[in-house]
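Got a structure for you, written out below as structure tokens; questions coming shortly.
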Amino acid sequence: MTTPTSPLSAALEPLLSALAATAAARDRAGGTAHHERGLLRESGLLTLLVPAAWGGGGASWSQIYEAVRAIARVDSALGHLFGFQHLLLATARLFGTPSQWEPLWKATVAGRWFWGNALNPKDTRVTLREHEGKLVIDGRKSFCSGAVDADRLVVSAIEERTGKLVVGVLPPDRAGLRILGDWDAFGQRQTDSGGVSLESVVIEESEIWRSPGPLGTPFAALRPLIAQMVFVHVFLGLAEGAFAEARRTFEGRPAGSAVDPFALRRGGELWLSVLATRALAAEAAHALDEAWTTGEGLTAAARGRVAVAVAAAKAQATFASLAVTSGFLELTGPRAVARLEGLDRYWRNARVHTLHDPVDIKLRDLGQHALLGQFPEPSFYA
Amino acid sequence: MTTPTSPLSAALEPLLSALAATAAARDRAGGTAHHERGLLRESGLLTLLVPAAWGGGGASWSQIYEAVRAIARVDSALGHLFGFQHLLLATARLFGTPSQWEPLWKATVAGRWFWGNALNPKDTRVTLREHEGKLVIDGRKSFCSGAVDADRLVVSAIEERTGKLVVGVLPPDRAGLRILGDWDAFGQRQTDSGGVSLESVVIEESEIWRSPGPLGTPFAALRPLIAQMVFVHVFLGLAEGAFAEARRTFEGRPAGSAVDPFALRRGGELWLSVLATRALAAEAAHALDEAWTTGEGLTAAARGRVAVAVAAAKAQATFASLAVTSGFLELTGPRAVARLEGLDRYWRNARVHTLHDPVDIKLRDLGQHALLGQFPEPSFYA
Amino acid sequence: MTTPTSPLSAALEPLLSALAATAAARDRAGGTAHHERGLLRESGLLTLLVPAAWGGGGASWSQIYEAVRAIARVDSALGHLFGFQHLLLATARLFGTPSQWEPLWKATVAGRWFWGNALNPKDTRVTLREHEGKLVIDGRKSFCSGAVDADRLVVSAIEERTGKLVVGVLPPDRAGLRILGDWDAFGQRQTDSGGVSLESVVIEESEIWRSPGPLGTPFAALRPLIAQMVFVHVFLGLAEGAFAEARRTFEGRPAGSAVDPFALRRGGELWLSVLATRALAAEAAHALDEAWTTGEGLTAAARGRVAVAVAAAKAQATFASLAVTSGFLELTGPRAVARLEGLDRYWRNARVHTLHDPVDIKLRDLGQHALLGQFPEPSFYA
Amino acid sequence: MTTPTSPLSAALEPLLSALAATAAARDRAGGTAHHERGLLRESGLLTLLVPAAWGGGGASWSQIYEAVRAIARVDSALGHLFGFQHLLLATARLFGTPSQWEPLWKATVAGRWFWGNALNPKDTRVTLREHEGKLVIDGRKSFCSGAVDADRLVVSAIEERTGKLVVGVLPPDRAGLRILGDWDAFGQRQTDSGGVSLESVVIEESEIWRSPGPLGTPFAALRPLIAQMVFVHVFLGLAEGAFAEARRTFEGRPAGSAVDPFALRRGGELWLSVLATRALAAEAAHALDEAWTTGEGLTAAARGRVAVAVAAAKAQATFASLAVTSGFLELTGPRAVARLEGLDRYWRNARVHTLHDPVDIKLRDLGQHALLGQFPEPSFYA
């Protein structure tokens, strides 16, 4: 079984080796992966989405997701942060005006910025109001992936005057903004997905992305699909990484030794779910590439077709990652259960990450399309 | 939900309408679909594999399988016969010499030949021996799809002298050859997959394909993969055809009426299995196209990679077709159970057809590759 | 593998042999099983529920369901009618007063009555109104199992005055009542589940069961649970009957011949679902026996506990019957697909019968109880 | 949803509360649960199997397993040790003579002995040989559950002279015996399932159980079934314990708040697998009770019937425990992922414990019985 080689492989290889060498230990330690975040900054891969003309990687989403998946195979927490870097860059692009996002993208190249997230739209405790002629944000967000050690934060708030969600950008050292660093979950441990507290944090109007704004056009509404695809590729990477552990067990067996046919059958069953995920993820990434290239002219129907492809990939990836990260342990040898080997982390990571939003809704959306011809209603999850 | 349009659609459309109109009735009747076989002959689609320069369709395998699947959606028995037409043409190409297969392909165009099958390699009761200076075949074959009303038959026999399987071609009116027309199964009823009896049937040496012969080279060993892919696309067509029946139920509902969320979720679950099959089938067809184009220089490893892709598509298609052809009935209205509607035929067809060779072997082959890096041993089923 | 022997075995054995001998042929023929209904009448088994003191069988529900399941193993259509016989007797008992149901039970013994059904509560097109001092029923019912050749019919109607459902009994020769005999489904073909037309059919007040009436008390609300348990045991019988066909294939193999381990594993997988169904069905039947014995004093909570046990058995039986009646064909030899063997009828019967009411609702009810501690709301399906 | 109350509840309740209060913390800590082992010794529950006449609990296996399951709900590591206590007592009873096992049982009561295990029969590195007139054991065992802090150890070795497995008992302080205390797995962390090293350890002939010896009679061959049933009840307890965490989430919701129907459906799906496991486990425990009571006269067929019931319960429990300990997290609120809550430990415990022996073999054994009528070959796993 050969994994398809990637055009980015050369840039990725040393990073992957470094991450793999310490992934189990860092899973035990938790906390912020300062050193590894540094490696990502140095790799230049944080600007894959930025045009080559501006010094970025000029990569397609398909290529970016290939990198997400490759990183997730060895370290799904870092894979997630790496994927969200590009999601947050895309958020500026999709919700803001060119005079907003273009300087941010260029500064990201110049400053090797790592972006973090304080956006969780389910968490409506953060408000934006006018106070003494200034726009002020107050409240507390949870699940702010990558907030620690970030150079810029994407924040959201409910605007008191309109009751609407607004999204914008803040530097992490803005007065009143405090990143709590309190993430201590049983999986995805180094994603720094803890809380952010905002007390009378001033945000400039120019830092708020109002045009077209959150989900303001079909094109802007690609944002949740880009996010879902990060999940798809982290899930896929987890399944592939876990399966690779099983493969290593077999590589070590004495030459010519017989292999239990039931184990081969079980391995095939698990692997089939990986192959199906790969195929659906590739189709969805291709559809997204096209929609991204289309730009502002993207129609609701064209966006809808991407959404359906993404929903299919997401549901399949969810099932595959949960099945493989638990089932591969039936195929590994006795070292499988040793705590220091950390082979349980694949399931822990997959389980925490797949709780993000419920797979039954994805199945419902798929059924709604397949049976009724309706596209998913754009939201922060579909 | 839109089905991807096909370049062959124009040629196919009238045929599909004609088949669909009578499919349920012909399923009840069983027997040979003389009229519909005539429509296929007239459509020109029986020569899709033959180069355009020789008057054929000049189609790729991907295109041929798209046609198989489109036909199978409305009539999986005819879809199977249509697929086997191309398999049998390919058998001549792969097992024989140019001086053997080229005239046969040209005659197929000229004579609008429909090919039939008396090859079932599991059935070893047919022998080839020398008798008074002639090569003579004796015995009986079962499961000879498309043998009735065929213009040419591909036959196999065990050569007494060598104990090896030989494969060749016979006209159906060769003395001693009798097509029994005794197929009466609960599914795939119009595939004419009954018995053939051979009593002292003379075959010329030139009619036997000895070079490279059955599975004689990696390229020749594409034959079983081409066969498996016919199954994949018949299964896929069955799942799609069944699902379309459910969709029709919903099309008829009062505008604006609410739909049970559990039904949508279930529909999505079933549809996901169809989408995964589509994606894996497309990948396998693409791999086969490449291998076919490579020709005699195909390496064992390159052939192996196709075999793995085909095994994955086959396993997935098996699961999807069985799940959807049974499960879609949970989504249809009360007409679902009416015998004359014949909605049970999707499962009956899928069930009979998926019994061809066991899916556990496909999973084992997949596991063997994914865990041990080994390709499936070429055989008439892998 | 031995099937647990039943105390009723002796009475059942000749009946089962007779039904088995013609089941495949009668499945093809469809229509009313007059001869076999006669055998059931003669067997005395139609009065199992009636106390021995009144000349009945004096059986528990567990014993009755054991008989349903034994019959369903060889003929699930007759198994259903046999189960509904007891359901309809129970309906009189549960919805009516002693002065209503006692004479009916005694007449059933005396007259060897076979009861039929025109009750389908989903079908609300039938009304009851006062007309010239008489109570008159008008309308049309579908899915009236066992209506043809019935000695008494249980009917339901919506009372115009109150908008409520009323249930009562009619002789089939009452003026204006017409049994259409139009059932022609792809499964459960001899259940006579067609339509009944009622035109100005007079019903006496004494024939209407108003006290406690439909679901009028927790005890009366056992009725839908008794109905669901008929389904459970028909499903279970179908799964067992199908599995027995696979077992027969293996009985015929040459002594000492090896058996494919994958086939054994698959057989075990299917059989496990049967064993789980048996265990849950037995628990539910035992719970029902206790509730039945409790009588009118049954509390809502005690009824609720039975309902949960029944929901579990029903969901498991649904999954098992669909899985086994399709999957056993992977374990049978080549005769499996012959139309005249009729081995597809197990799935056809299971598929039609499991469409009665959706299994997702059963799962929801189970979850509601397991997570929230709530019992299913009594209805005609739970 | 109420869990059936147990006759042992009174004795168990304080123990369960104590274990539950610290289970998550002790899972993090790993190592030996000295304090909790002390509670078990004090509870008197370690002698449940011993006749009341000798001061024991006089319990049936069904009752013992009910206690195993209750403990496993809150602490599956301790549940396992508790179950193995009784397995090891049973091993003396089944493999030894009355003059061997009776004193051991009485001493267990008198000394509040906790038994440990150095028996792993897959691990054949330990030998027994005669040396200078003494019987001497040498080698190393892995997976010796409960060896640390044990009062007696059951050991096995391959006898050099005969090549056969012998099983006997040793005090933990016998010269040359060293308990390594090196268990550090990602699940079942406080089972002390590490290594034992034996260097020239003298064992008396009277300490070896040769008559009837390991699997020496059908009755003696109940030993592996008793072991498998410990696993069944630990798995079941894990599933029930995990599900109870989900239930607690819902208990905390605002009164009258709506619950997502998809969540209820999913809960029902998971709970159904628990109910099926309960039912099959109860049947198997009952069968074992009968066989245990039968004693030495147990026939191979009667033993075989227990083995089949145990195989079914084991396979079902495996599937249910893996499904529920992963799936319940879809039903819990945001606290689900907090590391200190330790809700991942249910899956970690289930995953490690279900790796003991492969479930495919159980399915094969079931299929072998259901299709061929053969009982599982007695072994240390069936």
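Things worth noting here:
The chains carry the letters A, B, C and D, assigned in the order they are written, with residues numbered from 1 in each.
FYI, a contact is a pair of C-beta atoms (placed from the backbone, for glycine too) under 8 Å apart; a residue touches a chain by one contact, two chains touch by 3 or more.
This is a predicted model, so every value here is computed, not measured.
The chains in contact with subunit A and with subunit D alike are B, C.
Its interface matching that of A-D in over half of the contact pairs by residue number, B-C stands out among B-C, B-D or C-D. Comparing the CA-atom centres of all chains against that of subunit D, the greatest distance is found for B. Averaged C-alpha coordinates put the centre of subunit A at 52 Å from the centre of subunit C. Subunit B has its Cα centroid 42 Å from the Cα centroid of subunit A.
Shown for subunit D are the residues that touch two or more other chains, namely 261-263, 265-266, 360, 364. Those residues of subunit A that touch subunit B in the shared complex are 1, 243, 246-247, 250, 259, 261, 263-269, 271-272, 275-276, 279-280, 282-283, 308, 312, 315-316, 331, 360, 362-373. Per the touch definition, subunit D reaches subunit A in the complex via residues 30, 142, 184-187, 189, 260, 262-263, 265-266, 322, 326, 329-330, 334, 336-340, 342-344, 347-348, 351-352, 355, 358, 360-361, 364. Here subunit C touches subunit A in the complex through residues 261-262, 265, going by the rule given at the top.
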